[in-house]
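Note that the chains are named A, B, C and D in the order they appear, and that numbering of residues resets to 1 at the start of each chain.
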Amino acid sequence: MKFSTARRHIREGSKNIIRNSWMTVASVGAVTTTLILVGIFLTLILNLNQVAENIEEDVEMTVYAELTAGEEELNELEQNLSELQNIRSLDFSSKEEELEKLVEDMGDTGEQWGSVFEDSNPLNDAFYIKANQATQYKSLSEQIQGMDYVDEVSYSQTTVENLLSFNQYARYIGIGFISALLLTAIFLISNTIKMTIIARQEEIGIMKLVGAKNSFIRWPFFVEGALMGVLGSIIPIGIVIGGYYYLYENFNDKINMAFVELLPFNPFALQISLILLGIGVFIGIWGSVMSVRKFLNV
Amino acid sequence: MKFSTARRHIREGSKNIIRNSWMTVASVGAVTTTLILVGIFLTLILNLNQVAENIEEDVEMTVYAELTAGEEELNELEQNLSELQNIRSLDFSSKEEELEKLVEDMGDTGEQWGSVFEDSNPLNDAFYIKANQATQYKSLSEQIQGMDYVDEVSYSQTTVENLLSFNQYARYIGIGFISALLLTAIFLISNTIKMTIIARQEEIGIMKLVGAKNSFIRWPFFVEGALMGVLGSIIPIGIVIGGYYYLYENFNDKINMAFVELLPFNPFALQISLILLGIGVFIGIWGSVMSVRKFLNV
Amino acid sequence: MIELKKVSKVYKNGVGALNGVDVTINQGDFVYVVGPSGAGKTSFIKMMYREETPSEGQVFMNGVEVASLKKKEVPYLRRDIGVIFQDFKLLQRKSVYENVAFALEVIEENPRKIRRRVLSVLDQVGLKHKARFIPAQLSGGEQQRVAIARAIVNNPKLVIADEPTGNLDPETSWDIMQTFEDINASGTTVIMATHSKDIVNQMRKRVIAMENGRVVRDEHRGEYGYEV
Amino acid sequence: MIELKKVSKVYKNGVGALNGVDVTINQGDFVYVVGPSGAGKTSFIKMMYREETPSEGQVFMNGVEVASLKKKEVPYLRRDIGVIFQDFKLLQRKSVYENVAFALEVIEENPRKIRRRVLSVLDQVGLKHKARFIPAQLSGGEQQRVAIARAIVNNPKLVIADEPTGNLDPETSWDIMQTFEDINASGTTVIMATHSKDIVNQMRKRVIAMENGRVVRDEHRGEYGYEV
């Protein structure tokens, strides 16, 4: 394609946007509506995902060493533990530290007990382990239980598993929903664009009769589709970013539940804008491609 | 309008559906897609609403009579209570019955205690009250606390209030969502229909030049819109009913949480079908009206 | 009776198509409108059925000023006028039969009568055997004849024909002209814009010659020509 | 060179438009195609630029069988042929200038050349002053001249004109015919379907007369007429 032809296609595509003002409004409207929905859902799901990850990250496993284990044995155990795969962190906490924590947790009564136990500490030395992924605790715990000098491995198994399956479900549903919404959007928009093209079926026919190649006819439609995608994503981006900014400024501090924290505005706003823009442009072009193809074979 | 003319409009409208097969597919497709979403959400929200109502219905308030109150005083209290407004049920449970319940609840250890307390029952006579609506417990409890012979009024205040506000939010969000979805659907579909009419702008212009009144032009479009609505609601009705039937048959028994129970298939399927059909027809006609008007003034 | 009083028309894009046109046409007249391409013939005609309204001056149809009609009244004006448009303006999605029948359906004519009348008019223009076809399946001349059939099907008091024989061979043209003569003889006014020298010169009628939006000649039993 | 060998065409709806047509047209010929409405003139012409393909028989353009062309090759065939369609087929959303320029844009002509050539052709058909208008703002005859300009703008080797003077007054018609003579004199083949007796009889050329889908007469320096 010559440079002058490329310029012509871009000019034509942009002109069409203006000339078929009515159709443009309709198509852009369809893109806008669906992208708003997509944007809201995406924000919701990305934040929920973050919450889920926060929760998963907080899970940890405690390995209690046998009471009889001496320094050497503890070192060996630590060595063995550190050689495990899928481990993100490994911290040692001696029985004295454990006692301190216990005393602290118990408050007033704790102090009395503290002095009682100072000499004959009944607690175990412990290792705190975080796995790379919450799904790995089960197998880790099985491996560790087989090691020497291990008294007990404790991680709230059912909690973790419930949590995991809940998160899993939430993600599946979220992904399913977003996909359904995107499919709907694509369908509706290609539908809309198809119709703008049906309305120009005659025009396309004439172009072909005058000797235009299919690609020559197609290009301005691509440009038009992409432009409509861009136009259609402006309002959704505005709404999502504006709404998120409002939420972030006003509610992030007030939400006092642990784990629940909105994704920081700064990279998130840019990311979601780019995603929405990308989807808009993709849908616009894709809708054009699909529908022009239909009528180029006339 | 003459009868023959009415018949003509219906015939024309139906013919248009077939003639503009491409456009029909596009419009019906848009109706279908959005109605599927609406259908799924409606099902979800109606069921959630039911759950919320079940929960609210289970809330009850206990009024403990003073330990010193004799039969006469209890009768007076019952009289006073039964005169309260907004009360759905009022049951009396004597201190002996209360003890029996307690013993039962406590299981093995209960039996020992039962015999101990048989002679010197430390429990109060109680009245169990259900309000018409969960929101009324607060004011009811205030009224009752002012009555004679009342020792204590107990209803888990915070639980009820949390529940209420949760249900309230859930409903608002649900209604907001459905409305947004419906608006989207209406917008998209009137958009689509508008475009089928843009494509027929020329046709409409010719009709006017040949002496057709606006109403004459409009009617077949109404018929067409209504038919497209009907066609567009078939698949969503099928999906929602089919899916609900499947869920209902397979999962209703397995859901063992209290309060959570799917709405019975039989009236629900019919109701949701009628709602979807109604929305479809309404959207179809409305889309036509809106868009024809635009072009009749050409 | 049709009266144009000092009618001028300037289109939105600034083109002046009519310029002080003063013409009176009586019921039952047969008038040719001739003139070079772009002279304003079609614009002149459009004033009568209110596809366009004058920028200046007035148009009276049977004493009623056309520009003052309410929107609701316009269809009734048009029903009394059969127009053969220069570009046919057929409904592309409807069959030949339906296109012609449409002009009767809008006046809520009885269905049986519609059928009889449409078939008879299609026969008259020689297209009865193509009644079920859609316009795209017809030749240019056939489409033109459908437009003619639609214009005359409801026996209007005025027939306006804009270049009605441009796509017809001489013989078919003469048949159509005969039809116009017949309906004119029965009292219908006929106004016909044409470039056909042969027809104008052989069927001597009143000739209104236009040039640059002005009437440059208006002769009874005139000849084709416009250069003064 | 154009060769039609025993070409028959039956449209999908069962109408037979061509029936065993055998015609050879040499490069540089000037050919009138005449015949009554619905004779098959337009169908005959459509075979050459492959708007339609024969149901039977073959069409060769410069030795290449048209029906055997791949879809991709069809545009190249059409670029060598300038067609004036009976119904103009102008792009309604584009200006006069853009309509004419389109035929040069598709062959990726250099933009400056496009501009020069388009304006010169518009001048030739007398529409330079309306270059910025869209077709709906033109009179019938003006639209027809835009179609003519588009057909000749890229100096095609073959010009096919389907009733190119149907909406033109006699004088403009003669101007257009002069243009066709000129391009024919420079070696371009011209094929013109027409109902204009005057033109055919005064500019004596080869005449192919059709009736009911058959060629009933094929004479050099012939006259208008088809009834055998």
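Keep this in mind: contacts are C-beta pairs under 8 Å (C-beta built on N, C-alpha and C of every residue); 3 or more make two chains touch, one makes a residue touch a chain.
This is a predicted model, so every value here is computed, not measured.
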* Report back the single chain whose CA centre is most distant from the CA centre of chain D. => B
* Asked: So, what's the distance in Å between the C-alpha centres of chain C and chain B?
  -> 62
* Find the geometric centre of each of chain A and chain C from their Cα atoms only, then give the gap between the two centres in Å, rounded to an integer. => 68
* Asked: Between chain C and chain D, what's the gap in Å when you average each chain's C-alpha atoms?
  -> 28
* Which residues does chain A have that touch at least 2 chains other than itself? -> none
* Asked: Touch graph across the chains, line, ring, star, complete or other?
  -> ring
* Structure fact -> Inter-chain touches occur between A-B, A-D, B-C, C-D
* Structure fact -> Residue set of chain C touching chain B in the complex reads 49, 51, 72, 74-76, 78-79, 83, 85, 89-93, 102-103, 105-108, 110-111, 150
* Residues of chain A defined as touching chain B within the complex -> 22-23, 26, 29-30, 33-34, 37, 180, 184, 187-188, 191-192, 194-196, 198-199
* Asked: Along chain B, where are the residues that touch chain C in the complex?
  -> 1-2, 4-5, 8, 16, 19-20, 203, 206-213, 216
* Structure fact -> In the complex, chain D touches chain C at residues 11, 13, 15, 34-38, 41-42, 86-87, 133, 137-142, 145, 162-163, 166-173, 195, 197-198, 224
